[in-house]
Amino acid sequence: MTTTHLNMGPCLFNWAPEKLKDFYFRVADEAPVDTVFLGEVVCSKRQPFFAPEIPEVAERLMNAGKRVIFSTLALVMTKREMALVREMCEMEGMMIEANDLSACAQLSGTDHALGPFINIYNEGTLKVMEQQGAKHISLPGELSRHSLSALAKVATADLEVQIFGRLPLALSARCYHARSHGLAKDSCQYVCDKDPDGMDLDTLDGDPFLAVNGIQTMSYTCANLVGELDDLQNMGINHFRLSPHDTDMVEVAKIYRDVLDNKLEPIEATEKLDGLMDGIPFANGFYYATEGAKAKGAIADFGL
Amino acid sequence: MKTEKLELVCPAGTPAALRAAVDAGADTVYCGFRDATNARNFPGLNFSREELGEGIEYARSHGSKVLVALNTYPEAGNPDPWHKAVEDAADLGAHALIMADLGLLAYAAEKRPDTRRHLSVQASASNPDAINYYKNTFDVKRVVLPRVLTVPEIAALNREIDVETEVFVFGGLCVMAEGRCSLSSYATGQSPNMNGVCSPASHVRYEDKGNKMVSKLGDFTINSFKESEAAGYPTLCKGRFVTQDKASYLFEDPTSLNAAQYLPELMEAGVTALKIEGRQRGKAYIAQVVAAFRKAADAAANGEAVPPLGLERITEGQRETTGAYNKRWQ
Amino acid sequence: MTSHKKGPVAPLSPVLLAGIAARPLPHKLLQPAFNAAIKQMHRQHPDVFDRLKSVNSPRFLIDPVDLPFSFVMDTLAEDPTLEIVDSDTDERELYTQAAIRGPLLLLIELLEGRIDGDALFFSRDLVVEGDTEAVLALRNAVDGADIDVHNDLLAFFGPLAKPADLAAQAAGNIFKRFTRDLETLSRATLAPLQRKCDAQAATIEELETTVNALKKQVRRRSGKTA
């Protein structure tokens, strides 16, 4: 039997450095995860705050036996952002997760990882990336079961799928957090720190729809593929990403670990996760090639 | 490096629109096949193989070129429609193929090396390292820049790359980084990347509620209009939503891009070509917009002031924006 | 779908006069001319119907709001039909996938590609009901063909078309004044009713706001993310 891996994706939200540091220390000490991704992916303006803590956090994680991978920015437009990406890619001896083609360009020829912001939709692209040295690939959340299994059939790299957390849906040059607060992006006052799980965006009817996280737009629903874990393993996918939220992520990791180890049924797991997510509905529609907001199977009763 | 004369790249969703664009002075027309291989896979739109062949012939006899957009991401397990589209477009004599997917670029570079490759806006290459990567890996000759850059950023970018750049100057404005957006499939199951459609009409409903008209996309209300208000198409990112108890056009107001005023600066910035959005628009619209931009581009090339275009009435919601070209937009 | 019967005829264009002029004539008498017209269109522009295959060749209700009759168009690629239906027909019985309503002149201009369909959506002159995708496909399909309504279609009405055309042109100015008068009249009769509707709308709006607030409260169990 192949082993399954739970991995902690990069924190996509703007958490205070102390909070983020505590989070990673706890993950190091208690969470049953194998790989932890570090680094600011969403907004370059947030990057300087946690950067000084990263060496200590990385060391603590590695000492706890976790593999650490550094994630690059997803949207690279300015000179400063370009420099940040280049700098990260030049780090010796560290595994880097590219989230933009600029990073792929730097990393070509060395072993590296690809994040879900790189568009891997088919075998042709997968092959190009593997030839350039991609060893660990976290696939886009939009892919259906059909696509995942076709990719898994031919992949030589480890494939990963996000199984928990709000899904990244879009990136923009515009900051919607700032815009909602009537601020310009340049003088945003870092207002995205008010919403550690993202800011609710509702329809005019008052129905929940999306979540805003700075320049990023996410699903209002929380992805939950707890009922699809067996299916994923059967197609040869053994890496599962948890995307951090402002809840007890150690507990979240334990719940999924128990399901993977056949100690907990998906339905019971979903009930527990529902409590931890404070009633945010679950979704897995993309997996079933339907509306991403929909919930099917084990989580059907916990959808929008 | 300053550009002497801007190339005008114009949309065509049908043979009639292609002829209208060519007749109105388009240097180049871009179009797609009638399937999911391109990002305007709308019902009733686009070209059969035969129509494309005739279109290319018509354009050539009038001194214009035709580009074929193959700018969706091929579906895993089903590469044939895309591969066949590459072969057919090349056989029919397309001047260039506009692509976004790395695997498809690799295929085209290997199988049809003599047909030019352009990088689609759907690849969202917004920085020099990404663009140079596409050039070095797939010998891409031109890159269509994502609609997220300011004019000074475009100028700086052009100094660091050695490929032609093409920028959008008119039409619908994506506010999200193109090719990296799953909002549509989150609400409808169909996305630009996979299906070539955004906010597809098959999932659109208008509901008349007496005192207001509500537009819905899938299960979600995208906008609501009072009787006197013009009811727009419910494109997801142009909708009205509620954050912090306030209803607003949070992502983007229902405006249309018009960057005519920036033509001289874009030439200064070293841009090669101007792109007009709207393969889904009618031939009347195409004729009007292309003629206006023909005049504007010619004026700019002669160092004259860009004349007023008079296109206000046909722009969405009757309002215009200069989009990301102006930094205040962010 | 808002109404199942065609509402009062809108006094909006000179074409109304043409319609009135044609009124004593049973509309079904025009049917053979329309049969010939659609056959001709099929011959000259097969691509229109070919393009509609991708949406399963839908059946449309085309409703010129200023004429006392409508059309049902079946877009089968091999054998399209265009059938006249009387205004008092129950539209539910027509089994159409979608309806397009607007002043006849606008519908003709749309058919000829002289008006942008998107622009029409924004200005609300055109009302679309039912399957939006089918309507979009039809618009794209007719826009892709170079259709000339006068030469391609109206020719079939021969002497029938002519008097209507002339009457419309001659009566243009009188008609405009007539329309203005009608509007004044309808405002006067409808005003009290309108006030009552406005009051109800305000109440509904208030209720909607309350429901929306309640939805939000129900969603939060402990209020953490609010």
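Labels A, B and C are assigned to the chains in the order they are written; within every chain, residues are numbered from 1.
By definition in this document, a contact is a pair of C-beta atoms (placed from the backbone, for glycine too) under 8 Å apart; a residue touches a chain by one contact, two chains touch by 3 or more.
Please read all numbers here as calculations on a predicted model, not as lab measurements.
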Which chains share more C-beta contacts than any other pair? A-B
In terms of CA centroids, furthest away from subunit A sits chain C
State, to the nearest whole Å, the distance from the C-alpha centre of subunit A to the C-alpha centre of subunit B. 29
Distance between chain centroids, defined by C-alpha means - subunit A, subunit C (Å): 48
Intercentroid distance (Cα basis), subunit C paired with subunit B, Å: 30
For subunit C, what residues touch not just one other chain but two or more? 212
What residues in subunit A touch two or more of the other chains? 200, 202, 205-207
Multi-chain contact residues (two or more partners), subunit B: 242
Where on subunit A is subunit B touching in the complex? 74-79, 81-82, 85-86, 100-106, 108, 117, 119, 121-129, 140-143, 146-148, 150-151, 167, 169-176, 179-181, 184-186, 199-207, 209-210, 212, 217, 219, 285-286, 289-293, 304
Could you please specify the touching residues of subunit C with respect to subunit A in the complex? 208, 211-213, 215-216, 219-222, 224-226
In the complex of these two chains, what residues of subunit A are touching subunit C? 195, 197, 200, 202, 205-208, 246, 278-280
The residues of subunit B that touch subunit C in their complex are 13-17, 34, 42-45, 48, 51, 200-202, 204-206, 208, 210-211, 230-233, 242, 280-285, 313-314, 316-318
Touch list for subunit C against partner subunit B, complex: 2, 47, 50-52, 54-55, 113-119, 121-124, 128-129, 131-141, 143-146, 197, 201, 204-205, 212
